[in-house]
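In the two complexes that follow, subunit A is the common piece, with subunit B as its partner first and subunit C second.
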Partner chain A sequence: MTRFLIGRLLQMLGVFLVISLVIFMLLVFTGDPIELLLPPAAGIDQVKALEVQLGLDQPWWVQYGRFLRSALRGDLGTSFYFNEPAIRLVLQRLPASLELVVWTMLVSTIIAIPLGAMAAVNPNSWLDRSVLVGSLVGISAPTFWIGIVLIALFVVTLNLLPSSGRGGWEHLVLPVATLTFYRVALFIRLIRAGMLDVLGQDYIRTARAKGLFERLVIYRHALKNTLIPFVTIGGIQMGGLIAFAVVTEKIFAWPGMGRLLLISIERLDYPVVVAYAIVTAALFVVINLTVDLLYAFIDPRIRYE
Partner chain B sequence: MTWSGRAVVALVVVLGLVVGMAPANYAQGRPVVIATSGDAETMDPMLTAISTTGSVQRHMLEPMLAYDPDGKLIPGLATSWRIVDSLTWEVKLRPGVRFHNGEPFNADAVKFSVERAQTHPRSLQKVYVSLVKEVRAVDDLTVRVITTEPAPDQAANLESIMMLPPRYAREVGDEGLGRRPVGTGPYKFVEWIRDDRIVMELNLTYWGPKPQATRVTIRPIPEGATRVAALLAGEVDVVEGVPIPDIPRVVRTKGFRVLRKQGPRLIFLAMDTFRDRGGRHPTGSPGLTDGAANPFKDVRVRQALYHAINTKEIVEQVMGGAAAPAEQILPPFMFGYTPRVRRPIYDPSKAKRLLTEAGYPNGFTVRLDVPTDRYVNDREVGLALVGMLGRVGITVQLNGMPRAIYFPRMRVFDTSLQMSGWLTLIPSINWSALLGCVDPKTGYGRANYGRHCSPELNRLIDIMNTEMDDAKRKDAFFKAAELTRQDVGKIPLYFEELVRGVKEGIAMPVRVDEYILAQEITFK
Partner chain C sequence: MAQTISEPQPGTAAVVPRSARPRAWLWRAFRSSPVAIAGGVLLVIMIALAVLAPVMSPWDPQAQDLSRRLVAPSWLSGPHPLGTDAVGRDLLSNIFFGLRVSLLFGVLSIAISVALGVAAGVSAGYYRGRLDALVMRAADMQLSLPFLLVALAAAAIWGRGLDKLIVVIGVIGWAEFARTVRGSTLAVREKEFVEAARALGALDRRIMARHVLPNVLTPVIVLISVAMPRAIVAEATLSFLGLGVPLTTPSLGLLIDGGYKYLFSGSWWPSIMPGLALMFLVVGINLVGDWMRDALDPRLHGRR
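== the complex of A and B ==
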């Protein structure tokens, strides 16, 4: 187990190195923030001066080398715009993103598991069919559109909820609802497909033959065995949401990480984008590790030696 | 009376005094919430040059000279300023002003603030004080700003330099200045939750007129549609930048108004008049046919383009009326605008005639570079231009790019025909940036991506930047406008309008510097 964890940690360092290099090159070859940073009053002579000030006059490998050297000392660079350590800007916004994601995952799971299971138990019933059609809509509807429609309805027309910002539970309702649409649809399909598969297996027939209650057969024996793919996809979804709920965070002015990423890419704030990528990579490593450990918990046949 | 009873009485008396001391209109004042398009980056005024950030800072921090809503310089922390000789400005400071922390505002604070803008390694405001050799304190309330060369715009440049309290700045350092601003302004800092809100409260000892808005909350809401929804739902009182499609909706809704005003941001077209032939960048002009002669070197072709563009139609159809056709480089309210210069009339047949005379009876092919996320409806305007130029036989390929890619490419002149915008409130800078010959020695040509260079015009721009006599200076501006109308070094298209949405009962001027200042809000 310890060796497994140490292996994972070493892998993580490799991932950081590759990701930071790729992102760095992508940014440097895209453009630079000089025109957006420098006041219009500045003359053409000051363009060069600012390039030197920010170190952008150097070839990319020199810039990357500098980045690596300070990264080894724990300094991932300072934002061109905020004049603050990039890593701090990213981590500052992590709690807001986590809040959104935890609620989204919770609500989606609570809705999706029973509906998906029931749909699978009664295939071709009206419930099954409406779940299938409904989830198709949920998967295809664009996030931006859902968000705008929810705002038009609940904010402008009904005046029930705040349009944007972070605060009490009422601020959470619309962004969580927007993000939940797609996840519920996805999870329902996942659970339904898994259950259909499992319900045909021999051990379910055995359980039924033993005379177990149907509910026990479904929720204890069958459902538990559909959880492995669910946990895998759920983990990926969770990581994706924390780091890349860009559209939803922008629409609802949610002060999370996605909004920082968006503005930093738009304005080519290299240090923030690189720090962001590293934090995101770390996040996925942790989530994947958790998922792997959950496998062993869900299915005792899985062991890490 | 018990001890605690006496304490209560004392407290009531003190509170009564505080309330009594408050100005008369304090009673009718109320809090105000402003929704902006983006959060401030930092509260440190020297380390930023972005206008949404400046707008926030200007509630708490003040410069010596300020702009009124129409871009005229007015006294701020200075009461007066004058030219002593061609290298010296003398500024008289407002007496009795204190920073929010009690430090006095005086010549030391001026010296400290100007020098910080000059020397801080990450300063983005160096340009405003780059000609300043020395700030000399004559006495506690008089400073002389000595420049290395004649600097007629030095007073206007001081508008950007916020005054900071030296002792506080040394105590808290960059970190503190970036997070907890202390200035002399009408509002004091309360709290800042990144990307969510900035809260400020009234400075009861402010030297100027007391604002009616007692507490200010600024909420950054990046999505335009959400900002409008927040206004219509009554969550916010003022919104910056109502998207064009939403303007009619706000106007129609009872209880809300739209405020609009012509801004100083010019949108213009520029043509490569530098390279002789089309071809691969950088030796050839990249948007023209390989090896073909560059048509833009012929002034008749440039004039043809000018005649072929129907700016009125662009303003009405693409910009939804939220722009004003540009007669010349400068907007009408700016020093140096001349009513004698008008834009040429829209006349496609004259454009065709000019093209034929220049040897292009069948037109030519060119790539038009536009940014797609920088100006209001920039891509759509580009599309309209493709159609209009097509009508006179010029085949245009539209090439849209996000701003982060667009500007670095423009900066190395990787274009033959391009559209961009420009905004400063200092007229001579507008001329040097747009039409000064590109030259690192003078600093001219920052936005002259077509590298147009007219020696005669360049001489006039030199006068604009060095002549201390306003009458002679004005003459240079007028001549430059007339010359450019003939020579067509740039094609001015239109000035964007500034659009704000407000609740009924709220009045405020729309400022040409794009700031939204709660101290200017009045309630009816």
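== the complex of A and C ==
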């Protein structure tokens, strides 16, 4: 188990290095932050001075080496625009983004598991049919467009909820609903398909033949086995949610790190972009490891040697 | 797309032992499913609108007229059936051309994904060993990163452009195809006909292209039906974020981005309408994809 964890961590460190190098190099070769930071009338001396101050006069490998060395000390450079440590800027906005991600995962799972299971238990019932049609719309509608439709309905027409900013639960409803839409649809389809598969297995027939209550068969024996592949998909979806949060944060002016990313891309503020990438990569390591551990917990056949 | 639907690939017969004439059998399965027909009809309509955009459009999509900005939809009568956007461009014409861009984007980027993924998957599965380990490790790494996030990063760094975005989304999509194709190749390479071909002295290249490839294409078709809607939506999403195609390209995502600021002044059509068109296109592909998945997956036969 320990060896597995160490191997996994080393592999993720490799992913880290590749991500940071790729992003760093591409950023160095495109765009010139000096042009954005100085007024157009700035003299050549001012340009040179700022270049030296930001370390942009060095060749790229020196810049990357310096970046790596300081990254190991937890310092990912200073934002050109805010003149603050880039990592601090990103971490300050991380809780707001995680708030969206966690609530979305919770709400979608709570809605999707019972609906998907019930649809599979009663195939071709009205519930099954409406779940299928609903989930088709859900996986087909683009997330950002759902956000706009929700604003048109609940903010502009009904005037029920706020459309922007972070605050009480009423600020959370629309952004989370926007992100939940697709995931509920996807999860329902997965749970339904998984349940249909499991319900046809021999051990379910055995459990029924033993005279177990139908509810026990379905929820103890069938649903539990359906959840195993679901954990992986859930993990991947959670990572993807961090990306989709960028979209939601733009629409609802949510003060998360996704919005910071969009602003920083526009300003060519690349220390912030790199810090965002590193923080996101770290989140994936945590999510992936959690998924692996959950796997071992749910399915006792899996032991990591 | 229409081609793919009505014409099963050569590999179908080998993987689906159901019938000697897979074409007839697929068509029967299609006709007997009302959902598949509805999806097929929807998809054909959307493709027709996209292809015929220059003929069908009542206006030049780029023609701006500030005296006619944010005109409400007039539906069946009047000059602008779906209204105009914030700079007075006809929305219906822009949606037609936007569908064209979406569809073109989906087809081209998936073509790149399939070409890269199938080539990598077949050679990894056929040669095994070091190459296999390398390809699969790379695929694992790619798949551990969420699709949209990689697209977002790549697009942010590389800059706007339809061609760049096609390449980015196409390249990111390789891993899934590679993994699936490699799995099928591992099974196929042990078959007698491959051994026979080798005994007859066929070169590896020929064996892979003529004997392995046709027999691993069925799961590829199923994957395409999943990957294409995702690619199309990714283009719209990135364009909406301002990281996709340039402002002059008639993209549905750009239309929605340009329109949603006017939501609060009561103009809902510039953002809602293009999204609806995008959704119809994706629903069509998904419905047809669902049917193909059921029809081509031999494990599901006999059920339902």
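Before moving on, here are some points about what is shown:
Following the convention adopted for this analysis, the second predicted complex is superposed on the first by the 289 of 305 C-alpha atoms of A that agree within 3 Å, B and C clash if a C-alpha of one lies under 4 Å from a C-alpha of the other, contacts with A are read in each partner's own complex, and residues count from 1 in each chain.
Just so it is clear, a residue touches a chain if its C-beta (ideal position, glycine included) is under 8 Å from a C-beta of that chain, and two chains touch if they have at least 3 such contacts.
Quantities reported herein were computed from a predicted structural model and do not represent experimental measurements.
When the shared chain is aligned, subunit B comes close enough to touch A:164, but subunit C does not. By the touch criterion defined above, A:2 reaches neither subunit B nor subunit C. Of the two partner chains, subunit B is the only one touched by A:259; subunit C is not.
After overlaying the two complexes on the shared chain, residue contacts for A:93 are found with subunit B alone; subunit C is out of touch. Contact with both subunit B and subunit C is seen for A:251 once the two complexes are overlaid on the shared chain. Of the two partners subunit B and subunit C, it is B that touches the larger number of subunit A residues. Legend: residue contacts after superposition of the two complexes on their common chain; A:148 is shown touching both subunit B and subunit C.
Touch criterion met: A:139 reaches subunit C, while subunit B stays clear of it. Residues 30, 148, 151-152, 155-156, 163, 250-251, 262, 265-266 of subunit A are contacted both by subunit B in one complex and by subunit C in the other.
Those residues of subunit C lying in contact with subunit A across their complex are 141, 144-149, 152-153, 156-159, 229, 233, 236-237, 240-243, 253, 256, 260, 263-264, 266, 268, 271-272, 275, 278-279, 282-283, 286-287, 290, 303-304.
Those residues of subunit A whose C-beta lies close enough to touch subunit B in the complex are 30-50, 53, 79, 81-84, 92-93, 148, 151-152, 155-156, 159, 162-166, 250-253, 255-256, 259-260, 262-263, 265-268. By the touch rule above, subunit A contacts subunit C in their complex via residues 15, 18, 23, 26-27, 30, 123, 136-137, 139-145, 148-149, 151-152, 155-156, 163, 200, 236, 239-240, 242-244, 246-247, 250-251, 261-262, 265-266, 273, 277, 280, 284, 288.
Chain contact summary for the complex, subunit B toward subunit A: residues 38, 41-42, 44, 47-50, 121-122, 124-128, 130, 157, 160, 174, 178, 193-197, 219-223, 225-226, 229-230, 232-235, 373, 402-411, 422-424, 426, 429, 432-433, 438-447.
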